[in-house]
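Below, subunit A partners subunit B and then partners subunit C, in two separate complexes.
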Partner chain A sequence: MGNRCAVIGVGQTRYQTKRRDVSIAGLVREAALRALEDAGLTFKDIDAVVIGKAPDLFEGVMMPEAYLADALGAAGKPMTRVHTAGSVGGSTALVGASLIQGGVHDRVLVVAFEKQSESNATWALSTHLPFNASLVVGAGGYFAPHIREYMRRSAAPDHIGTLVAVKDRQNALKNPYAHLRIPGINRQMVESTPMLWEPIRYLETCPSSDGACAMVLASEDKVTGTPAWVHGTAMRSEPMARADRDTVSPQAGKDCAADVYRQAGITDPRREIDVAEVYVPFSWYEPMWLENLGFAPEGEGWKLTESGSTALDGDIPWNASGGVLSSNPIGASGLIRFAEAAQQVRGMAGEHQVDGARTALGHAYGGGAQFFAMWIVGAQKP
Partner chain B sequence: MPSEPLVAEHALEFPGGYTRTTGPVIGRFLTELRDGRIVGVRTAEGRVLVPPLEYEPETGEPVTGDYVEVGPAGTVMSWAWVESPRKGHPLDRPFAWALIKLDGADTALVHAVGADAAKAMRPGLRVRPRWKPEADRVGHITDISCFVPEVTAMVAHIRMEYRVRPGRSLSRFLEGVRDGVFLAGRCTHCDKVYVPFRTSCPECGSAISEEVELPDTGTVTTFAINNLPDPRAPQVPFVSAYILLDGADVPMIALVGDVPAHEVRQGMRVKAVWAPPEERTLSMANIRWFAPTGEPDVEL
Partner chain C sequence: MREVAVIAFAQTEHTDHDEGLTDFELIHPVIQEVKERSGLSRFGFTCSGSCDYLAGAPFSFVSALDALGAWPPISESHVEMDAAWALYEAWVRLQHGDVDTALVYGFGKSSMGDLRAIMTLQLDPYYLAPLGLDQVSFAALQANAYGAGRAELDEIVRRSRADGRNNPRALDLDDPSGEEFEVEPLRPYDVAPITDGAAAIVLAAGDLARELAERPAWITGIAHRIEPHYLGMRDLTRSPSAEAAGRAAGVGKGPVDVAELHAQFSHEELILREALELPAETVVNPSGGPLAANPVMATGLIRIGEAASRILDGGAGRTVAHATSGPCLQHNLVTVLEA
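Entry: the complex of A and B
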């Protein structure tokens, strides 16, 4: 795994529908400055910048990494753009970590953002090229059939998706950065919202957010303050059209989890991981990923959700921050998972802190559930 | 029977308009307006009144002779929306009357704000004057046509025009679809059949050369009921389904029709509904949708 690497600074913007007061440059800078402040550093101390975001069509800015170099203090430094669809935030953190683990740099700033209000993600994801037969309507239209298949295979009761939608929004009420903050959120509220892409209801989907997240990663010698140590990093991908591809529980996700657990010495994720920040943009993805990530046997992930195990006071809290269901600046959503995992083991998660969290999982996926990025962070030096 | 009441339209107007002597304070304000500047006057207590008054309203004392340039930008304190402007209003489209505190002033000025809609108005909105052309300015409050919001967003029109070629494999597939058949490719290494036809295997990377003709029947493996309208679908709700054509190893996404959305099932047997041969082109639009065959469902 190379040299030791730690998170020494985290910065987030408040996530909301429209950040009309700042440009894209102002948005990423806000997150970057907060991460630097947390680390007690300035741009001068940073060796390299890694940036991630969703495809350029989302804001219509070609190569935003070039435009944002000055906002991120990257003049005269290496600056890299990472591009792995929805998992990009996670991949961005891992590319940053690899620069430290490989001994190339000592301090790397990783930043990810989206300003969804500048256009429309469903449009950007559904550009209908000539000759193309795709009938997919945005991310919801793509993922709904796979959720339906999960429901059929697992015979999970219909209300499981509702439980996740409520639980994550309850957690969001404890997170000052969260976008969707719905006081009194309950099952009835979720169930009264319309089906958009049946079986996905309106309140079972993530919002469209503007926002940015940043982290300062450091080599062991440069660690200051309260670090979150990186115990394992893994990325996997798989082709979308492969025969026998399991779209409910993709092999790439299983392989990625196995790899990151092996590096971190984890054999029983449910018992050995204290808190997980997992990319759940549609509520049913919680039980699906519980199985894909080995927290529950196949077909039984929903039982953990139903029993309250994944709630903030459960034995394995998932998305204590409110998750993607509560804040979704797409390109940043993966990095937020990784950053929130770090905050938990640093003991700096605030009101949604899980008591005594020592080991945390950060997870992101993207494309047609084809790209996976994960890390394990811990309070203790590996 | 009572007689019609007598009614007449009448206008009372002093011919040519009243002559109004401004006095030194208001005169200075209007003179500056004609020159494209907005000034306030300082009171003995140091407050800046905009528009200026000759006598300080709190104390009744004369204001000082100290004129201060303010604005031109300011902040909306409060407003009232005028949906139907009347004759004599400064704008002939909906607008807001607003109390605007100009930068450097201690009091607010009433003026019109030319906003696109009432929802664009809010306390704290930053506005700037839109001046009449210099030649038209006479030393009157209407030398400012109205205030308009500061620029906080712009529209970037981006459009790319380019030529798309479908490539060899998709062209071959579309030729088949024009002729009413689904062409697939078999990877001889993996023994898997891919549809639409493709020339390389996504699993092993081998070149695919063996073409296979598949029937236009298959099984719905899973689907979504879409309640959001889409230009490619005839109506809402519509069903987009993964259909595993008989003999294929990967599903295709297609519409399911001729059946109510909520009667579509996983495992349902379906058959393509083709456009009439004379309407077909090299396009997936040749397949209108898949419709149930009525055969028993398949166990998935």
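Entry: the complex of A and C
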């Protein structure tokens, strides 16, 4: 794992449908300045910048790191652009951490963003390449069959997805940065919204958000303020076209979790992790990932959701921030998970703070549920 | 830093037209070739570079993953940059000490669209892209600012194309001729050709590199720097980011037998020679360089592969590779390789 690394600053923008008041550069700079302020630093103190976002077609700006170098104070420094599909926000944090763990730099600024209002993500995801099958369905249409297969295998009752949708939006009411803040959110409200992709209803999906998230990472010698220590980092990828891969509980997710738990010395994630920020863009992915990440035995993830274990006052809160279901600037969504995990162990999560959180999981996935990025952060030095 | 070396390199026979290959079909042979050359079938880390805008569709790297046989699942990442930056990420990952090998690859089919117009989309989307300034036009601005002599530029192109004809992987291009301008002062032959292709490199650390290769090409320095985006804020007659990266990588700490420069326009070679303070005796782009084959997103990685090959095959003792990104050499990565 290399040298020790810690999160010493976090900055987020208020996520919303359209940020008409700022350019893309203004948006990323807002998050970066907040992260620097949190760390008590300025751009001058930063050795390198790592930026991540989902496909360039989402804004229509190709390789935007070239244009954003000025706004992020990167001139004269190394700058790297990461793109690993939906997991990219998580991967961006890991590439930044890697620079410190590898002993190359002492202070790295990582930033991820999406300004979905500049384009149309479902359109950008539905292009048709020659000699390839195009589903023309966006992400929801792609994942819905996997969810139906999960429901068949686990015999989970139909209302589990609704419970997740309500729980995450209730958490979002406590998070000032969250996009969807729906007062009085309840099951009836979710169940009365239109069915988009059976079994996913409108309020069981993530919103389209504009937003950016940034973190300042530091080597042990350069830690200032309240650090969240990195205890483990892992990425895993598997091919889209492998005939016998399990798209409901992908092997890459299991392997990635096993790797990051091994590094952090975790043998029983449900007991040893205090709070998890997990990439749940469609409600049913909470029970699916509860199993994939080893928080529940196969077929029983939905029981944790149903019993309230994953609620803010449960024994293993998932997505205390409101999660991807409440804010989804796609390329930043993974980094927000990683940053919120860090805020929890720093004791700086505000109203959605989980009391006494010492160990937290940040998780992101992407592609056809085939790219995974995870980290474990802790209040204590590893 | 931990000792890391290039131990294997492979590239496609690049073409100036679409051969109807999918990304998978383009990449698979070079991946197989570096696996055979290195004797490795699994790698501690994998990283690639590509660009969605060349294919005009999102996630070009997703189908590429199918070319790797990524099963069981692999530890893998991707940069939306030239694959030279993927190599940098892999080199950093090898510094952690827990993995000893890495696979790096890059690919691009610039035949699929109008590269010159596509590169416009890399500019500031509010203030620059709407002006329609295309890639050749902004390169011409730099050529004009630098004030390169026509005879000097012609000689660079003549040498590059002659070397390219001797390189079975590069395109067969005639000696430069013609008086017309593409965008003054650049003639059509000053511009790197449209090319489809892919390349792959295997990195190994320490004793494993010595075991797997007779003469590993050790990376003794590697660094990159970016500079401001707006052309008006930059001195276009030089490349301060290449200068800084070259100093950080330690180019000047020894002789440079060969330099492979990512010059996509003939005048860029002159700017880069100065930025990297290359001695007069250094052989530049013996492969023909980008002016003889420019598979965008792999071109920078190929420079590292070619510079490493001169060491792997015993022909050179110390070489330099350069990769670039962004308009007018905005972002530069420099690698020093030693026997």
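In the analysis below, the second predicted complex is superposed on the first by the 379 of 382 C-alpha atoms of A that agree within 3 Å, B and C clash if a C-alpha of one lies under 4 Å from a C-alpha of the other, contacts with A are read in each partner's own complex, and residues count from 1 in each chain.
Simple rule for what comes next: contacts are C-beta pairs under 8 Å (C-beta built on N, C-alpha and C of every residue); 3 or more make two chains touch, one makes a residue touch a chain.
Quantities reported herein were computed from a predicted structural model and do not represent experimental measurements.
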item: Subunit B versus subunit C as contact partner of A:G76, first or second or both or neither; value: second
item: Contacts of A:D255 with subunit B and subunit C, given as first, second, both or neither; value: second
item: Which of subunit B and subunit C A:R152 touches, first, second, both or neither; value: first
item: Touched partner set for A:P239, first subunit B, second subunit C, both or neither; value: both
item: Touching partner for A:L99 - first (subunit B), second (subunit C), both, neither; value: second
item: Touched partner set for A:L125, first subunit B, second subunit C, both or neither; value: second
item: Contacts of A:G60 with subunit B and subunit C, given as first, second, both or neither; value: both
item: Which superposed partner A:W197 touches (first subunit B, second subunit C, both, neither); value: first
item: Touching partner for A:T84 - first (subunit B), second (subunit C), both, neither; value: second
item: Touch count on subunit A, higher of subunit B and subunit C; value: C
item: Set of subunit A residues, in rising order, touched by both subunit B and subunit C; value: 60, 128-129, 131-132, 239-242, 245
item: For the subunit B and subunit A complex, residues of the former touching the latter; value: 152-153, 156, 158, 164, 166, 170, 174, 190, 192-194, 196, 198, 202-203, 221-228, 230, 232-233, 237, 240-242, 249-250, 252-255, 266, 282-284, 300
item: Parts of subunit A lying in touch with subunit C, wherever the complex brings them together; value: 1-2, 23-25, 54-70, 74-85, 91, 94-95, 98-99, 101-104, 118, 124-125, 127-129, 131-132, 234-242, 245, 250-252, 255-256, 259, 367-368, 370-371
item: Residue ranges of subunit A touching subunit B (in the complex, touch as defined); value: 20-21, 60, 128-138, 140-141, 144-146, 148-149, 152, 194-198, 200, 239-245
item: For the subunit C and subunit A complex, residues of the former touching the latter; value: 1, 22, 46, 51-53, 55-59, 61-63, 65-66, 68-81, 85, 88-89, 92-98, 118-119, 121-126, 128-129, 223-230, 233, 240-241, 244, 325-327, 330-331
